[in-house]
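What follows is a pair of complexes built around subunit A, which joins subunit B in one and subunit C in the other.
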Partner chain A sequence: MATTGMGSAKAGVPDDGKRTYRSEPGIAMLGATGAGKTTFLGALQIALLQDERGWTIWSKDPASRREMIKMNTALTSEGEFPLPSTGIDTFDWILGSRRERTERTGRLRSRSFEESVQVTLKLTDASGELARSDQMDLDDRRQLVEQVAGSQGILYMFDPIREFNRGDAYDKLFGLLMDIIATEAEHPGFDGRLGHHVAVCVTKFDEPRIYKTAESLRMLVWDSHDAAGFPRVHDSDARDLMHRLCRLSRSGTGQAVPQLLERYFYPDRIKYFVTSSVGFMVSERTQRFDPQDTENVYRIESGEALIRGPVNPINVVEPVLWLVEQMALNG
Partner chain B sequence: MIGAEDEVHDSLSEELDRITGNAAFAVAEFGAAGAAIWRLYRDENGTPRAEQPSVPQSVMKDPDAFYRDVDPVFIVRTSAALPDNLFDLLAAARGVPVYECRKPLEDQIRKAITDSPLPLPYELAVFRQVPPGRPDAGRLVLAGHQIFPPGVTHGYRVAVRVRCEPTDGDGTVFAVVTRERRPDIPPNDQALRPVQIQSAMVPAGTYEISAELARPGRVLLHGLPGPLSKFTGSWDSVRHQVPDRLAAAEPVHLVCLVETSGDDDRLELRIDRLSQLIEEAEQGGGELSVSVVAYGPHAVAWRVDERQVAVPAWAAQGTRAVQELRGLARRPRDPREYRRAAQLECALETVARHLSERDGRPVIVTAGGRPPHPHTMDTRTTIIPCPERVNWKWQADRIASLGASFGALRDSGARADVWRTLGHDAMATVDDAVDIPDFAVRLGLRTAAQVVPFPFID
Partner chain C sequence: MTATPIPVRAQWALHGKVLDDEGYQVIACSTGDLSKANFTDALGRFALGALDTLPQVSLSYLQPAARVSGGGYLALAIHWSPGNGKRHAAGVGHVDNQGRPTTFTSYFCAPYASLAPRCLTYLDMYQAFGDVTLPTRDGPPLDLLLAPAGQRAPGIDALAMRVAPLLLTGVPVCVLGAEETGVDERLRFIDTVMALLPYGFRARMTAATWTRATNRNHRFRLFFSSEPRAADKPDEVVHWGEPERVKIPSKAARAYYGWLNDKFKPLASLTQLNREYGFGDAADTRTLDLVLRFSRSPQEPPALEPPPPADPARTTDRARPAQGADPVTRILVECAEHARTLSVNLVRQDISDLQARLKSGQVDDRHRERYRRLITQSGLLSSGSWLQRNNEVRLYETLLALAFGLPVGYPAFCQIEDSLAGASGQGVHQALLAAIARVGPGDLRTRILVAAELEPRKLLKSLGSSGADGHALIRELALGGWHRRQHGRTFCDVTLGYLRERQGRYSIAEVQRVLLRCGYLAQPLRDIGSEQYQVHAIAQLLVAAFPLDAYPAGLDKTVVNAILASAPDAPTQALLAAILRRIPVSEARGAWEAFVYGSVARMNLDDETHGDLWLRLPSIEPEPPAAAQPDEPAAPGATGAPGAPTQPVPAMELLAAEAMPPEQDPRWQERPKQPWFPWSGSELDVPPWVNPGAHDLS
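Moving on, here comes the complex of A and B:
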């Protein structure tokens, strides 16, 4: 694979039956101020730990490592959210796992071996402020546009609560897409659409208004193996839920966000997820999910938001792994 | 004509001094239009009165009959020209002084009466309670409390301290009386005779009033909070409304709910207002018990310890309750507390659970600002629900069904529905000046189910 644009994936030479698969996809996070981008990244580490697939996460880059640890302690030990981001942060995080692979060795013979997988995530987390159109000419904004253009995947964070109150997601996304397209259009063979894979994450699922909307649409499903009894919204319902939530938006243009994405990206490269970085509140007494008290966030006297209970991210690993997979498949 | 006004005044005063009992005297004025005869006497209170008796024409034409039947002490002549018959009467004056004046005699009489000293002491009709220890202790006795000694004249002023009890009916009666002095009757049983009866709607309380003698028969009372008006009922009827003793006012249980969250200044305001209200309620005279219930937000996070609704005083004495209230100002606070609600619903539940009829009619006064935690998820406010799922409405209804009244001393910004319910009978914002006596009256903390028509002297 080329060293630019589409990242790289190489398989090591089989010798002792062990192989290593490496990939370095770049993933950019987009979303309005306060949509939950940085929290999502912090929750990713926790989510990976809780995930049964046994992924690990680490970093070779000291700055990225420091950030990773800082985010983790804040969320889990202090129950604190990250401060609003300023400018652009890039993290080089490595996702590691092992997988069983079977390889054909002859016409009828095949053999199995364990492959270690390492995916280097180049994550771009920019302040939502940079999506404002009046920021168009600033260096940071230009840098963001370049980073997005150079990534293969986009995590688009859509915050329905902000849509209720402000209703500006469409305007901001539109402005940003125009800038990205302007950059991409310089490449030969550009056909008017962006080639990125896009994971659209509807954030803050634990918030009562979002939870109740999903409930009223009968979109909640329960995993019988889940000890705490957390509900989820199936990915196949996620786009509908987002659509529904957008109908409640202040400006009413939120509904057009999926259409906008589906027009400028390839629709089959977009997937919707309903997520909550901090997950649902768990009652301290019953240790279980309580459908009357879902939100895991509260505000204290100073106005600061804090986390109420343990962090049990919902659908945080999934969009990232989906992106990694899609990028690997599509090379 | 030289004015002889001074002589007339002196002469009237002397004659007024002289008359007692049923005695009377007459004076006459001769003017251009004819004669006016005045008869002066004292009423049962000793107040000088003047009237114009009708005198037959025949008497006015016959000097013998005139000086015998009318028998004027003096005659005032206000005109040089007189009807003929009056000239005839003057001619036969027989030593009766004739003063030539410009001032009409009526004015002179008025002035002389005003200037005359009181022949009898004036008293204020008041209640006294038979002191404890006596066989009929606590019984109410209508008595006279002397305000003016005999001999004083208009302009004399005296201060009196009276206490007014809450009363139904037409307010408190302020009656100036004299006492029928009969040596054969002990002073306390001597009948009181009204000089002047007025009434006023006066909030219960103690008042420093001053009584000023305007003239015999007329006393001005200053220093009452409301205007006095002429009493329309009769003395006998009001005198018979005297209750045997003060009915113990309905026992009241004042329950103070105080939200301890928010900044210190605000909490102090809440404590101050509630303390004032307790002190006001204590003056109500009835049996009063006071409870203090303190509440803050529920602990909504694992890292914060739950602080239960506290009941530092239940059905206690007012002073104890005030002490406990003051103690709340020094409570420690967790900076990680929830800011959007307070466990008002659980405080109401605590009250509903503890209330008993034994302690009196409940009066629930809440000083706070935040809304309660809802009992279920509320997507409109998104306030975190009460962990006990307590419904504030049910609790308020439960308390209301016990005949409670509700008063709220809320923060100026507090808009939630709950304040309309909790401020049903009286509502004020703590940040503004609160008319505490009025607030107490609206909650029935200062009313009596009894007519207590007269003020008390303690």
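Moving on, here comes the complex of A and C:
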């Protein structure tokens, strides 16, 4: 099996029994214009805060730090979406956490220690236009292809609404994959498949049409500990939901998107998630999820889209942590 | 003054989103030589990234595939938002059909060949193109009139002056900290920078008034941003309003910076001479004098008439010469300023002026001291590393002659060192040493110290051929009085190296005589080295005076006594230690006695005190020579003179001799045995310095 761009994970055990694990995986974000790539990044900090696993995010790079703060402020304080990317933005963010770990020290003995985990994420957020076929000869497109080829994980944002309206996901993904494969094919041992781990995010779960589809397919599950009562689509159903949504593709090619991914990447390295970066609307009166009023986005008179209420990201942390974990496990 | 407008045929493109599509694209473009694909490529190549603040301007170029020289285009792109300020296109919305804010780019390019002859600037282009409202449908190229702002001297912008040479290094320059400035001001800055480079560089120039810092792969050579970008190849980062922080890494670029200072600064300074002047008789002479004076003291724009005396209390710059200061002082101050601004030609002129002043008259001590102070304060002796080596050495030669006098003797050398230590905390650097070597060291010390740093390998040879023999070196060492401990150490090392190198080629007897006269340098060495070093140095001197091959048995008692007890200075512990290493163990006691004798006998005591001590010291002083018995033959090998070479003794025998009682060793003269500890068996008078009441010392 060919692997590309995999970083090696190193762990050391200092005298205090605490272990530090570090790695620097690169994660590229792909998806059409308006699929929600930049908003996903902006919501990551909020999602980590709401996650019980105690992950934190920060950055040493001043430019990455500034943009993280700006995106976070736009979403939380101003009710606005982050500025959509033009060109290619690269962020160096660090995910950090601590976890308990047990290690055998002899035949009958083992010991536990607390492990500090730091993962530097090199996130590439490219403008969706770069996936268009008319951009193939452009400099930015070449850079994007190189960056995706050199990364270890891919966050692929699939926007079902756009697929319903335009149906261009297959065309754009196919063109891009061909370019990436052409780059990777130069490496010895390339067997026709890309070694990246791919987290496929079916975005805009809060959009009523997507929510209703999941509901009608009886794919919604609830966490009894969730105070707001937000529903989710379990990861095991996410692929099926995507299939069902792809049937509604305007061009009719949407259904080929999962097949395309599973043909050119190793299927066991692909996982599907149903996500919403801004999350569901919370009823102001009950402070709970209202199945009749799910969408957390509205438009003002000028046509600009804004966020209605508090941001409660759904499945934003999970794809990132899954990628990190997979990359660490597979070296 | 407004120059005649120039007709320019500009090709254009409008880039952005239309409501029936969601992606950025070239919405419309001119139907000229350049195609939509050309525009798409050019716009994609020079993206700024998503920005909060618009409008912004980016500058680039377009080169046709044919690559005809002069056939390219200069491009100016205005990045703007319909919802924010001026609209540069009709019929476009400020959000796309997903409700996301849209930015547009109005892209213009004009033939380089039509812009270059009239030296049109980016500001000229911006003023003309900024007024254009582009259509959303393709159309013909635009025929515009570009008005050059007229010939103008570039403003003195210290940052631009440094950024221009930085660009020549090929590394992109990122300007930080300009958030408070407007797009016009940043564009003007870019224009100023480009005005300080040959116009032809615009044909390949790319610049932006702002870029998003996370847009790491852009290709702008000069750009503004909020943070440095974390690119693989780091940019040169400069800070708005802080030109002094800019370091120009390349020597050639620094030289270019110096050239700029020489040429542009005086021209630009004319705008600062804005007091009222009248034309009239001798206006030419007076104006020439005016600009020359101003170029020398730009802080105070001079009037044509002599200004009233300045209030001394307001003069904060200590280095600034007072009104009526002598010309050399004035030129020195200017030279320091020119060196600070790396103005090569002006510094060269200053050197010539100073040399002319030197030729015209002597410098008295009072002026020399003033010049020294000035040079120390301004750091002139360490400021010329950016000059060509010959000019740097010439500068230092001139300064040395003015402030320290020629030739440079040891006191002056120390003053130079102090001057450098005070100004920059550094030692005498190579170029300055070369200057001292050229003007001529004034004494042996300076010559050795300079040569030891400058050409250590040639030093010993040059000593041998110039007559500065070991005796002179030893005598100089004996004088002591080193301003810095390291000077003495260096000099001593050279001396030891010389003696080692020349062994067998100098008179041993003469070296013995010279060294004995100065107590084997035991006392002077205390001032220049640690105890370990002292022992090492004296041991080397002993080897020089008593070579191991000539004195394989070591030093005899007579020699030891002579060195320890008869030298003009009191022996030191280091001297004793070095001697002990050259004598058999059995003779150590004799050396101790000689050391004690020498130490006490050479104390500076009055006769009364000393007189009482004689009886209590070991008997070391040589007995008066007994009348020689005519029938008594001289002992074989004995020359009668201390220090005469002994017969070689095999090493094993020497070791055996160490175990032999001295009285059985025929090679050692028997001395009369006396109890050397004087207190036993006699009562002493209490010396005046003894603690009262301590009468009984027995």
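Heads up, the rule we're going with is that the second predicted complex is superposed on the first by the 325 of 331 C-alpha atoms of A that agree within 3 Å, B and C clash if a C-alpha of one lies under 4 Å from a C-alpha of the other, contacts with A are read in each partner's own complex, and residues count from 1 in each chain.
As a working rule, a residue touches a chain if its C-beta (ideal position, glycine included) is under 8 Å from a C-beta of that chain, and two chains touch if they have at least 3 such contacts.
Only a predicted model underlies this, so the values are computations on that prediction, with no experimental measurement involved.
When the shared chain is aligned, subunit B and subunit C each come close enough to touch A:S302. When the two structures are aligned on the shared chain, A:G195 is found in touch with neither subunit B nor subunit C. Shared-chain residue A:G79: touches subunit B; no touch with subunit C. Contact with subunit C, but none with subunit B, is seen for A:G128 once the two complexes are overlaid on the shared chain. Which of subunit B and subunit C touches more residues of subunit A: that partner is C. Within the superposed three-chain model, A:E284 lies in touch with subunit B and out of touch with subunit C [touch as defined at top]. When the two complexes are overlaid on their common chain A, residue A:D92 makes contact with subunit C while staying clear of subunit B.
Of the two partner chains, subunit C is the only one that A:D139 touches; subunit B does not reach it.
When the shared chain is aligned, subunit C comes close enough to touch A:S64, but subunit B does not.
Comparing the two interfaces of subunit A, the one with subunit B and the one with subunit C have residues 299, 302-303, 306 in common. Those residues of subunit B that touch subunit A in the complex are listed here as 261, 300-303, 335-340, 376-379, 382, 384-385, 387, 389. By the touch rule above, subunit A contacts subunit C in their complex via residues 33-34, 61-64, 66-67, 70, 81, 83-92, 127-129, 132, 134-135, 137-141, 143, 162, 166, 299, 302-306.
Residues 79, 207-209, 211-212, 283-285, 291-295, 298-303, 306-310 of subunit A are the ones touching subunit B in the complex. Taken together, the subunit C residues at the contact with subunit A in this complex read 22-25, 40-41, 44-45, 47-52, 83, 93-96, 98-101, 103, 212-219, 225-230.
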